[in-house]
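Just so it is clear, A, B, C, D and E label the chains in written order, and each chain counts residues from 1 on its own.
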Amino acid sequence: MSAVNVQGASKIFNQGTPKQVDALVDVNLTVEPGEFVSLIGPSGCGKSTLLRLIANLLEPTTGEITVNSKTASQSRLDQDYGMAFQQAGLFDWRTVAKNIELPLELKGWDKAKRAARATEMLELVKLPEFADMYPWQLSGGMQQRIAIARALAAHPPLLLMDEPFGALDEMTREYMQGELLRICSETHTTVVFVTHSIPEAVYLSNRVVVMSPRPGRITEVINVSLGSNRTEDTRGADEFFKGITAVREALRGTHADHANAGAVRGVEDR
Amino acid sequence: MSAVNVQGASKIFNQGTPKQVDALVDVNLTVEPGEFVSLIGPSGCGKSTLLRLIANLLEPTTGEITVNSKTASQSRLDQDYGMAFQQAGLFDWRTVAKNIELPLELKGWDKAKRAARATEMLELVKLPEFADMYPWQLSGGMQQRIAIARALAAHPPLLLMDEPFGALDEMTREYMQGELLRICSETHTTVVFVTHSIPEAVYLSNRVVVMSPRPGRITEVINVSLGSNRTEDTRGADEFFKGITAVREALRGTHADHANAGAVRGVEDR
Amino acid sequence: GSDDAATDTTAAAAAECAELTPVKLQLQWFTQAQFAGYYAAQDQGFYEAMCLDVTILEGAVDIAPHVVLANGESDFAISWVSKALAGREGGANIVDIAQIFQRSGTLQVSFKDKNITTAADFKGKNIGNWGYGNEFEIFAALTKAGLDPAKDVTLVQQQFDMAGLLAGDIDAAEAMTYNEYAQVLEAVNPDTGALYTAEDFNVVSYEDEGVGMLQDAIWADGSRLSDPAYVDTATKFVAASIQGWAFCRDNTQACTDIVVAKGSKLGASHQLWQMNEVNKLIWPASMGAGMIDSAAWDRTVALSLEAKNLEGGTVLTAAPDAEAHTNDIVTAALALLADMGVDTTGSAFAPITVTLLEGGN
Amino acid sequence: MSPLARRSIYRTSMFVLSVVLVGVLWELYKLIGPEDGGKLFGAAVLPRSNDTAMPHIWSMLSRYGRPEVRGSDRQIWSVVLAGAWFSFRLSVAGFAIGATIGVGLSVLMARFKMVERGLLPYLVVSQTVPLIALAPLIVSWGGKVNIFGFTWPKWLSAAVLGAFLAFFPIAVGTLRGLASAPSASLELMSSYAASWKQTLFKLRFPAAIPFMVPAFKLGASGAVVGVVVAEISTGLKGGIGRLIIEYAREATGDPAKVFTAVFGAAALGLAMAGFVAISDVLLMRNRPKETTT
Amino acid sequence: MTTSTRIQRVAPPMVFGVVFVALWESAVRGFDLKPYFLAAPSKIAEQFVKNASRILEAASVSGTNALVGLIVGTIFGIAMSFILSRFGFLNQLITPLAIALNAIPIFVLVAVLNNMYSITSEIPRRFMVTLVVYFIVLVNVAKGLTQVRSTHVEIMRSYAASEIEILRKVRVPNAVPYLFTALKIAAPASVITAFVSEYFGGAQNGLGSRITSNIANSKNAAAWAYVLGACLLGLIFYIISIVLENVASRGGVADNTNNNNKNK
């Protein structure tokens, strides 16, 4: 049983109009339970779109997607996953703590339990003293950390994360990476992770999926054999640098494509 | 005459309430014309706040700020600077091209000139075919590039940029860095630049300003002597790695502080 | 025959006029047979013969004719006496120069089984009225019967129709002989499937109760009465108007048609009934149409001073001065008409019999 | 067929369906409802179902085909149609005046906090002044006001009363909308040293549109009500308001007649609302839509 | 709140009011406007004091009608906008009807309602207020419930939140400012509807019938004294809606708008 299974999925926006965008074409991807898979690729290549398809927030134009052997929609309804979006998307009218509690409320947790988990999560992202403030009173990076805390709060079996560490400084980022790995291995969580950082992708992942831009497709999948116990020392490991080089090579290939490829098909065709 | 001069500036939010936040304390900073200065520091240390003070979008609680020997407010009114915010902040109801044209409209440029510049800017950020689409139809990274194009469009003498390349993949990011440097040296533009990437800060800057978190203050200023003509090769230069190490050291110091320091003063005092 | 004669004199007289004096007349309600005399005078050229070019302004819910007149937006106005006198007390300098309706046409109509035959029977009942200053006679009757309008009866404002009475919400409803009374007689009795008849109702007539107040009168702008030209215009206007009313007395059907042609939306049989009933309020006029009977005037004033309303106030707080009405103009007008051979007393007047049809059509 | 056309056909048929449904309910109630109303928990909550209170649908509809008054050659439908058209033009005028004033005031209030504080309570108060108290004043402007050769026509008084009811919801809604611009966007405009006016037109108004649309909807129906009431109150002939009151006088004997005019007024309101709805669709067509599956 | 900000808050309306009344009074005196046309504020005040107890009585009748209608209309309006935002089908079915109904001037509907119910009961009037308020609340709240940020809806859907939960946690908070905009409009509207409904029939115990009968009697100052009563009633309703708004948005939303305003 695979945790995520994408078969021949494609996504076309504004189909049939002059502004048609072929965001994804014929994507096949299987993620095993407990696996950590990163998506990497140039801006606009369809990473967020693929994540949305898995999360059943978009319907694929063609193809099929199953999550935990269920349809994507069923697994969304079963709340099988937690998601961190590219935009923090916090609710202005809720305090920081209440924002974190939101998914727990929806799972019907009682108040005390929610509050306890929120406090725990705020500790995790190192913002305990901001519990009662409102999102717009936080800095960009702090907002992003709250959004991560929200995604992790319910300990979902599958995590879908869209550039969650993009607005963090290096130290905080490395700390968060470590915490994420710890949590995932402790709870045997499956992760699909979008990032622009090659070291981050390699450090975190079992496999790195490299994508090419418009029409977005998977060009290469790189296995990272860093083992399951990664520490700060891993960042000095040979295998780590090898992984980085491999991903970089793969990406350079896609970028060469990028420079030539026409982008918006509809626009070209006019 | 200095391009930016910050003297003893501090900023306290929610002063006198239990939620008081000392965002900046006693900041002194001088930026010479044509200089490229980066601000780097942990999340929530006050980088965006400092940029907002210079842009006269916030009033300092204490201290004085001059831009081009004028008060900050005067230079804002004279439209001396262009700004790229941490959140792209595009207008949903304007097409991509119209978003880029916005500052030009406000400068009273005529239509043809605006359109020409917008096209030019779209070329620069490699999104020419998206001119007539709406922001919400773009990926996160594409939106950010549009925001950069908007900030550059009017060729302002001073650029204030808040993590402009945060959502970009490495290739695009390096390309944009190169373009930014080219534009700045051609037009002799002064830049104050917020980033979390140490290599980026070093590659771009004449000086890197390192900040410590709450209460935010400048802990160190590191001069980068890479010369004015930086190319892709610069990324392999010794001086480059030396700079990176120096900044990393300086940051590590601030982080140690960070771990101990109480954060929200008001919360503590309760 | 009389039609042609009138047209002839009109043509002849019009030829003599150097120019027509423009005159505006403000009515107190919509076009209907209540104002047939003025429309007839206009239609038959009586005004033109007097060198007047009369424009008739219709009334509306919130249009107070005396306000329009006092504001100088019209030259003359038709208004009930008590209402207009209240306006005069409020500073509107207006003068009654011709009392067209000699009698009050207000009734209180109730179903037979309610046993309301006099004002004294109102006690404890839901008494309908229209408000807007058309309810003074009810207060007068209540006061006369020793009832307190605030406590002894429940006053209910009626709509423009009589549905409240027919539905039984209102025990006794205010009605004009020439309008609402006809409306109930035009409605179908659901029990019989035929129209209601006069036998189904009891009627209290305020005129008969001794609390009738003077109604439609022609009012002039008091501030201009010192101007001989205005007095001359007023005299001619009153004369031609009375001539119109005399025409309607003698040509009930023709007058009804004129009013319908002027755009009244009321049904024809209803309009004919109204014309006939209005004639009864004017004719016969023993002193000559338009003359202000001082007894009726004094009674109206006295009632306006005595009758307490819901708020315990009265219509007038002080008796109007002698300038509030004058018979000078109407006397001169009647003399003019006498010269022309118009019958202004209508001593031989006999009403016709009108059969109402369903819905007044 | 374009999706827009398909949608409008769908909408129209939905509307027709809903009207038919109401008709069916009406007749159904007449069938089972108490003739003389009913009480529930001691309160009269059930309306009467007799023919005076609730005429049959077909008697209302057939009334359109019969002459207005006996002997007249004009059938009611043409009279009502003409009246509705007359009032419609007045309503549009009133709406235009009201919208101008309402938006103008909201801009003024958004610009100067002082003005908002000083004015808003009085705008509220103005809405509670009944037309009957104002009618004599406004009617007396007719024919009197004469500015630069412009004489105040009588119909303008009616349009002004329409504007009187239209401006308030527009002012309040627009004011809220203007204040709803996100602070990040305001900061952006501020960084461009955009003048207040530029910020207004390039940011605040576009951001205010979701608030302005319902406000304009209310304003449109307010304008219709104002005009119709003004026709009743000031005696302006030719419009649907005048017809309503004239027909209302005959409600005793011809209960269906007044409904013909009432429906005319309703159609009028729908036409006005339709305008606003179309502009809503046009203005919002490029905004992000909610994702729904 | 400090005294100075309180003064800042209260002073402008005071100044405005005083100037307005002074202009009015001097216009009446200066142009010698007769009382039948326009009464002087001083005379109105005199009548207001004289008839205070009657005005209070009449205002309580009309005010009760307005209040009942305001509450019921708001509840129905909110409920219906919830239903409409949930079921697009019903939305298309009902919205045009609601618009049509609202475009019918109240006079007429009151007349129809008076015949459908008993003219002597207060039900038609309350029904009328309810209808007017209902529509105002409906159009605003419905917009507030649908104009939510698409990211927020996406987030909720990723939690497999049911429509009800999305409603409670996203749409409702988003609609709160729209609701209060509606209430600000509805508060005065409910008052005027309550007493305008009295014009064409029914028990003569409210402000409306007092105003008409006094105007008909050319007692303009007294009529305006009742109008003043109506204005005060409307103002009280309005102030209550503002107080409610402040209470309801103690948290983030209000702060956020304040924050917005601070930026120039």
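We take it that contacts are C-beta pairs under 8 Å (C-beta built on N, C-alpha and C of every residue); 3 or more make two chains touch, one makes a residue touch a chain.
The structure presented is a predicted model; accordingly, all values stated were derived computationally and were not measured.
A.B. asks: Moving only to chains each one touches, count the minimum steps from subunit C until you reach subunit D.
C.D. replies: 1
A.B. asks: Measuring between Cα centroids, which chain is at the maximum distance from subunit A?
C.D. replies: C
A.B. asks: Could you tell me which two chains share the largest number of C-beta contact pairs?
C.D. replies: Looking across every pairing, the one with the most contacts is D-E.
A.B. asks: Using CA atom averages as chain centres, what separation in Å is found between subunit A and subunit B?
C.D. replies: The mean C-alpha positions of subunit A and subunit B differ by 26 Å.
A.B. asks: Provide the C-alpha centroid distance between subunit C and subunit E, rounded to the nearest whole angstrom.
C.D. replies: Chain centroid spacing, subunit C to subunit E, equals 40 Å.
A.B. asks: Could you state the distance in Å from the CA-based centre of subunit A to that of subunit E?
C.D. replies: Computed from C-alpha means, the inter-chain centre distance equals 49 Å.
A.B. asks: Hey, what residues on subunit E touch two or more of the other chains?
C.D. replies: Each of 37, 111, 115, 118, 150, 154, 157, 199, 212, 215, 256, 259, 263 in subunit E touches at least two other chains.
A.B. asks: By residue number and range, which residues of subunit A touch two or more other chains?
C.D. replies: 56-57, 87, 136
A.B. asks: Which positions in subunit D are in touch with at least two other chains?
C.D. replies: In subunit D, residues 48, 52-53, 131-132, 136, 140, 182-183, 187, 190, 232, 245, 248, 251, 255, 288, 291 touch at least two other chains, as defined above.
A.B. asks: Within their complex, state which residues of subunit C touch subunit D.
C.D. replies: 30, 57-64, 67, 71, 73, 159-163, 166-168, 183-184, 186-187, 190, 260, 263-270, 357-361
A.B. asks: Okay, in this complex, where on subunit C does subunit E touch?
C.D. replies: Answer in residue numbers: 61-62, 64, 66-67, 70-71, 83, 86-92, 126, 129, 131-135, 154-161, 163-164, 167, 169-170, 309-311, 313, 315.
A.B. asks: What part of subunit E is in contact with subunit A in the complex they form?
C.D. replies: The contact residues of subunit E facing subunit A are 149, 151-152, 154-161, 165, 169-170, 173, 176, 251-253, 255-256, 259.
A.B. asks: Using the touch definition up top, name the residues of subunit A that touch subunit B in the complex.
C.D. replies: Residue list for subunit A touching subunit B: 13-14, 19, 21, 40-44, 46-49, 86-87, 129-130, 132-133, 137-142, 145, 162-163, 166-173, 196-198, 248, 251-252, 255, 262-264, 267-268.
A.B. asks: Within their complex, state which residues of subunit D touch subunit B.
C.D. replies: Those residues of subunit D that touch subunit B are 182, 184-185, 187-188, 190-194, 198, 202-203, 206, 209, 286-288.
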